[in-house]
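Chain nomenclature is as follows: A, B and C, assigned in order of appearance, with residue numbering initiated at 1 for each chain independently.
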Amino acid sequence: MTGADASSTLVEVEDIHTYYGKSHVLHGVSLWVGRGEVVGLLGRNGVGKSTTLKTIMGLVRPSRGRVRFEGGPITGMPAHRLARIGIAYVPEDRRIFRLLTVMENLRTGLDRRGVSEARKHELTDKVFAYFPVLAERRGQPGGTLSGGEQQMLAIARAMMLEPKIILLDEPTEGLMPRMVSQIRDIIEVLHREGVAILLVEQNVPLTLQASQRIYIMEKGSVRHHCAASELRVDDTVIHQYLGV
Amino acid sequence: MSKRSSYIYWTGFCVIVALLIVEPFILPEFWRRFVTEILIWGLLAMSSDILIGYTGMVSFGHSAFFGLGMYGAAAALLSVAPPNLWLAILYGLIGAAAVALFVAYFSTRLRDIYFAITTLIFSQIFYVIIFTWTEVTGGENGLTFSRPALAIPGLFSLPFTTSTLHWFVLAVVTASYLILRRITQSPFGMVLQSIRENEARTRAIGYAVERYKIVAVMLSGLFAGLAGVLYAIQNRFAAPDFVYFLVSGEAVIFNVMGGIGTLVGPIVGAAFYLLLREGFSRFFTEFYLIPVGIIFIAMIIFMPQGLLGFMRRWLNQ
Amino acid sequence: MEPISAILHALPWDQILIQTLNGIVTGMILALVASGLTLIFGIMDVVNFAHGELFMLGAYIGVVVMATSGSFWLALVLSTLVVAIIGAALQITTLRPLLGRDPLTTILATFGISLVLQNYALWQFGPVARKIQEPITGRFSLFYLEYPWYRIVIAVLSGAIIGGFWLFLKYGTYGIWIRATTQDRVMAQAMGIPVPWVHTAVFAIGAGMAAASGVLFGPLVGVNHAMGIDWVLRAFIVVVVGGMGNLGGSIAASIFISLLEAYASIWVDPAQAVIVSFVVLILTLLFRPTGLFVPTPK
């Protein structure tokens, strides 16, 4: 595997150490995501995958190490700035604004400086085309949506930021198979549009299908890194680290 | 505590107590009364520390305990002649205990902010009652009475002078400090601190958290009431001003300035605050609270461990 | 029938009518003060002890502006703006550094601010109460009684301000930002909302509302340095009874408590009427701790 090529690297994480209180959660994590790439991050529960995403998003401060975006340092920058320069985050439990309507949820990402009304309409139309169920429910409070619909909303909301990379944390967790394939479709669409994705997942087949490269984490660090094509679902490596 | 730091601690303790014993011979009258006041407020601050520093329950209700201790003592000193010191203490403690019981009941049902606000409002309830129930409490003007003598009926009777009163207060406060210290270092004290750290976990381990909280409130209330009794004896009056929540606020300020959870810290905090007040009032007359308040806020932001914490870190370097 | 009609005859209806109006008027002002308080708590978990002092400061600035310009309305607007700015400054200097620390520290910090502001006012304006002239004098006839127009104006204006703010929350972009931040601070940040500034803005808005209440209330009583204390205590009671962070609840609770106090003052000394609020608080804490006007949590 060749290392990160500076010009096409979008996000680079270098030797990150993160603590939750006294607990040493990340022991020197390093990875990178190139422009427009879909990169999968696999691993069992509790190995630090979500923490890695949160560190990139500035929601958690690393005690050591660096995070870079488009070559420039972003370690410790507050999340709201990162959202504005092109990093979007879809957390593990979706966390849509339950008391805001679907449309208002979308507006939290839409209402930015420098976006014309026309562009806003374009974006909402586009996302309603991909997720017709959201269009139906646009005036309803987010909390009344089903789990799958909330996941759609969480992704749609992130798309409103017109991000260069989306950090997706376990989007298919708890979803029915029909919804899972919808998620896979939307990842495909985003990839075609040139949006990079760092995908954290437990669903191995989906991740292998959708990603170009795979990282596997265990106990707070990256243990394996290869092209997705080099791995099969029943690979020994998969067995070793994911115990499937 | 290790052997060596224990030795240092007790030496320091004896030195300070010795200084305080000798002090009436050295300092002029005004400063003698001042030191006595520091001791009394220090006692109030220590009692407050039991709740805030050790159990993690922020309370603005200490003015109620203090005030009722004061008025209780007043009641004893006015109703029985000749005024009896021990009766005053008894009445004061009973008064404070009654209020503490009331507050303790609510303490078990409310958490954090709700508890803090409720204790604040309780102080104010008592303030309003005392302020308006003029026939009994003297209303706005409060009650005045004479100082009782240090007496053991049948044995001797010595009227207090500024110095002897100082020594009496010193004895009471020192004894209180030693008792409280013993308690906070006992298994009971450990449980309180565990409640402060993580109440849910303490409960999960199996401790009856409610009971511990009630005892903590009673303990805190009693010593605060004792401070109120001492204050009444020293100044010979009881006034509603001391039941106003501001007094609770000041107790909390002493705690924060000195360092919560240390017992000694609050006394240091009280001394620091009173000295600041004295100093600033020479320049600013009555508006000393402006610079003192600003210093207080700055200390919260920059010195959250209080003076004691700051000195500890400084000494460790 | 006899005892009932006897009771009905014995009730001082004229007093009750007046006190109902008084209760509603005071309730609306209290609602305006409490709204700011509950908003600040809801969005940043800060118990703003200094809220009463912002009210007091607003009243004093009103006095000063009126003395120089003679216009009550100018006083109202300027005071609101100035105190909002002061509020923003206070939040940035003293509360932002405390973000993420034990909530105890913000209670203490705002307590410290209240001490400083109170004594500052005492220093600058002295202990003697000042007066604000009411802009609309004259009374209207209510049956055989006369009731001042100005008090009705207060109630209407307070309602208008609260209503306007509610609309702002529900519709504009910034309203969405505030609501999103209140619900989930972390995700609001992840969506690009500048949460630290939203906090500052909300604190400023709350401060402005308190100041407006102070100016509106000024003509009813004298303006003095201690006027904030009663209000902040009542506002806290309202916020707890109405449900922490619940805007509609605190408005309902404000009117409820003010009416009770107003009726109580028919029979007891007004200084003691405040005990009624305390009783309501204690009952609420005992039986419905999440708030009287909040639907029981499932």
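What we mean here is this: a residue touches a chain if its C-beta (ideal position, glycine included) is under 8 Å from a C-beta of that chain, and two chains touch if they have at least 3 such contacts.
Computed from a predicted structure; not experimentally measured.
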item	value
Chain of greatest Cα-centre distance to chain C	A
Most centrally placed chain - per-chain CA mean versus overall CA mean	C
Distance from chain C to chain B - Cα centre to Cα centre, in angstrom	33
Centroid distance [mean C-alpha coordinates] between chain B and chain A, Å	55
Approximate Å spacing (C-alpha centroids) for the pair chain A, chain C	44
Chain A: positions in contact with at least two other chains	none
Residue ranges of chain A touching chain C (in the complex, touch as defined)	57, 59, 78-80, 83-84, 88-89, 91, 95-100, 104, 107-109, 111-112, 157, 161
Complex interface listing, chain C residues touching chain A	173, 176-177, 179-180, 183-184, 186-196
Partner chain B, residues of chain C touching it in the complex	47, 94, 97-98, 101, 103-105, 107-109, 111-113, 115-116, 118-120, 122-123, 233, 236-237, 240, 269, 271-272, 274-275, 278, 281-282, 285-286, 289
Chain B residues within the chain C interface of the complex	52, 58, 106, 109-110, 112-114, 116-118, 120-121, 124-125, 128-129, 131-132, 249, 252-253, 256, 286-287, 289-290, 292-294, 296-297, 300-301, 304
